[in-house]
Amino acid sequence: MKKEYSQEILDEIGAKFPHASVKIHAPRRTYINIPRDEVYDLAKFLFAEKECRLSITTGTDKRDGIEILYHFSHDPSGTYYNIKTLVPKDDPKVRSLADFLPAANWIEREIHELLGVDFTGHPNLVPLLTAETWPADLHPLRRDYADEHKEFKIEKTGRDQ
Amino acid sequence: MANAKLWGLKKSPWVFHVAAASCNNCDIEILDVLTPRWDVERFGIVLVGSPRHADALLITGVLNRKSLPRVLRVYEQTSKPCLVIGVGTCTCDNHMFAPSYNVVGPYDKHIPVDVYIPGCPPKPEAIISGVVKALKRL
Amino acid sequence: MKRIVPIGPYHPLQEEPEFFKLIVEGEKVVDLEINIGYNHRGHEFIAQKMTYDQIPFLVERICGICSDSHPYAYVMAVEDAARIEVPPRGQYIRTIIGELERIHSHYLWVGLAGHFIGYNTVWMWVWRYREPLLDIFELIMGNRNHYAINKVGGARRDILPEHYEKIEKYLDLVEEKTTMFTKAVLDDPVIHARLENVGILSKEDAIAYGVLGPTARGSGYAIDVRKDDPYDAYDKVDWDMIVFEEGDIFAKAKVRLLECYESIKIVRQCLRDMPDGPIEARVDEIPPGEGIGRHEAPRGEVFHYVRSDGSNMPARHKIRAPSYMNIPSNVVAVKGYSIADAALVLAAVDPCYCCTERTVVFEDGKKKFTGNDLLRLSRQKTEKLRRRYGR
């Protein structure tokens, strides 16, 4: 198979999702911008019909909102199809992919705790990495997170589990 | 009886290995000193499976919020006197992880450390020499 | 009746402190809960406060075993963002170090797997032959681990021509010893009985969980970044991808052992064809944009995403290690097997390092289980099988 992006997949995306806009960065790196309510369907289309693998999801706090980037890898051609969407900070919600894609389970939990994005429909949206004592409303990768939050009380004798 | 324990500790220290939030490299080097090239078992240094049997703790990595209570608990479980040996630069000064939100070290804020072995990772020779220095202090 | 067997967080089986709750009925494992975060140091947060040239040193301290893979993927992400061409000699040097690291990591795993099933001889032998490789790393880069060979735009250090011979001598040794280990593993009926048809991960589950590396290739899911998205010297040398269909631990062990041969092949060809010239390209500034770098680490694809805003620090740096995708698949792989096998199944993904029984004793009612007990159960089963086969 040719080691570059497939124009057919991009055309099909364009026909099915009229709001999507495609940017080709390099032969094997493509970025697809799409509104957040169509992310679920596009991800399902890439995973179920085009046999793409969800590699990871990146959340970034930009000034105008939180950008969520789903990196889908199409392995036979070595291409990354990246779905990009922007969610507003006052209503950070997006539909969870975990119901058809178990790989998304941990990924969404991590973004939820580090950036405070709510994934609606996620089966178990509890913190993954931070300690039990970490405040639930403190998101270290947000822009408004400041270093003075670092010194909160540390439980010295947490006899847990 | 304290002297009997001390005598045993000096002759054949049993060590328990705790990795707080390490990158595994110090841990591999600790295992390396057990394998044929260094083979510290010939000196009577044995890795044991439970902190209750241990004379010394080998601690690696920075302390983070989640591992701190567990490390303290392991320390509480050891029989005293117990040597605490910090392996690697992370145990000395948080290394390059100091800006992180999840790191609560350095160690001397939380537990008494007898010997620090700097290096990222320290060479096996340095680890052995660190343990010897810790024993000489007794 | 359901019981809970806790493993961890300080336990020899996993590369990082992790906490597993095995839910068992009698001897059988019916469910698994995984709790991580004991090793979370916030690399992504720190990376945003460091310059592009400092970050390779930060990311190689994510993991001491793949301390070449993370910087490798990171520099490729920056090179993708800034569209930097790496000179051929730099490409070959990076490929050689990447492959030597794969041999060292797979050797580590073989030794540890031997330790778990009670074959400590395998552990000692394999680790003994890992040592000369660390000497080579020290010779080339000055440190046994944490090599710091990758740099945005190329390689940081050159491999001198007088070092070629030493590397080749080591490759001959490692080829001979790999043959010895492979024969020892493939011919031993006890190891067959312990590893075959245990911890099966089907191809469907492998795809759904997005597993990577030898875990995926042992389940018939043929993905390998070096073939799919060739970078540096990987498309200029001849090698094969190792894939097995069975999905059990034995298949994963075979993948790792046979991959050592492929790595030897790649390093030999690279040394033979090594071009002359500069080892790094000049990098002036990183323009605004985003880049993705991926490298096939010993355990699977490492993924780095870098977003630049034109300053000397990245605006966002996302890191995804292969174990992050592989570990959740334990939930399906461990179900239905006995506790004696559980230690091995959890380790099959790649325990990567271990051997010290770093366990905390947890109590569940009156029953006490520790990691040592699991190890003991696992070894008792091997003993039993050994007697049955008269070995």
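Think of it as A, B and C in the order they're written, each chain with its own count starting at 1.
The definition used in the following text is that contacts are C-beta pairs under 8 Å (C-beta built on N, C-alpha and C of every residue); 3 or more make two chains touch, one makes a residue touch a chain.
Not measured: the values here are computed from a predicted model.
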*Linking chains that touch, what shape results: line, ring, star, complete or other?*
complete
*So which one's got more C-beta contacts, A-C or B-C?*
B-C
*How big is the gap, in whole Å, between where the Cα atoms of subunit A centre and where those of subunit B centre?*
39
*Between subunit B and subunit C, tell me the centre distance in angstrom, where each centre is the average of that chain's C-alpha atoms.*
25
*Where subunit A touches two or more other chains, by residue*: 129-131, 140
*asked:* Quick check on subunit C: which residues sit in contact with 2+ other chains?
replied: 37, 40, 42, 45
_Two or more other chains touching the same residue: where does that happen in subunit B?_
64, 66, 73, 99, 101-102
_With touch defined as at the start, can you tell me which subunit A residues reach subunit B in the complex?_
129-134, 140, 145, 147, 149-150, 154-160
*Given the complex with subunit A, which residues does subunit C contribute to the contact?*
6, 19, 35-37, 40, 42, 44-45, 80, 83, 207-210, 223, 225, 228-230, 289-292, 301, 303, 305, 307, 315-316, 318, 320, 324-325, 328, 362
_Please output the residues of subunit B touching subunit A within their complex, sorted ascending._
64-66, 68-69, 72-73, 99, 101-102, 104, 110
*Where on subunit B is subunit C touching in the complex?*
16-32, 34-37, 47-51, 61-62, 64, 66-67, 70, 73-74, 95-97, 99-103, 120-121, 123
*Under the touch definition given earlier, write down the residues of subunit A that touch subunit C in their complex.*
3, 25-26, 28-29, 31, 51, 53-56, 58, 60, 69, 71, 73, 75-80, 82, 101-103, 105-106, 114, 127-131, 140-141, 161
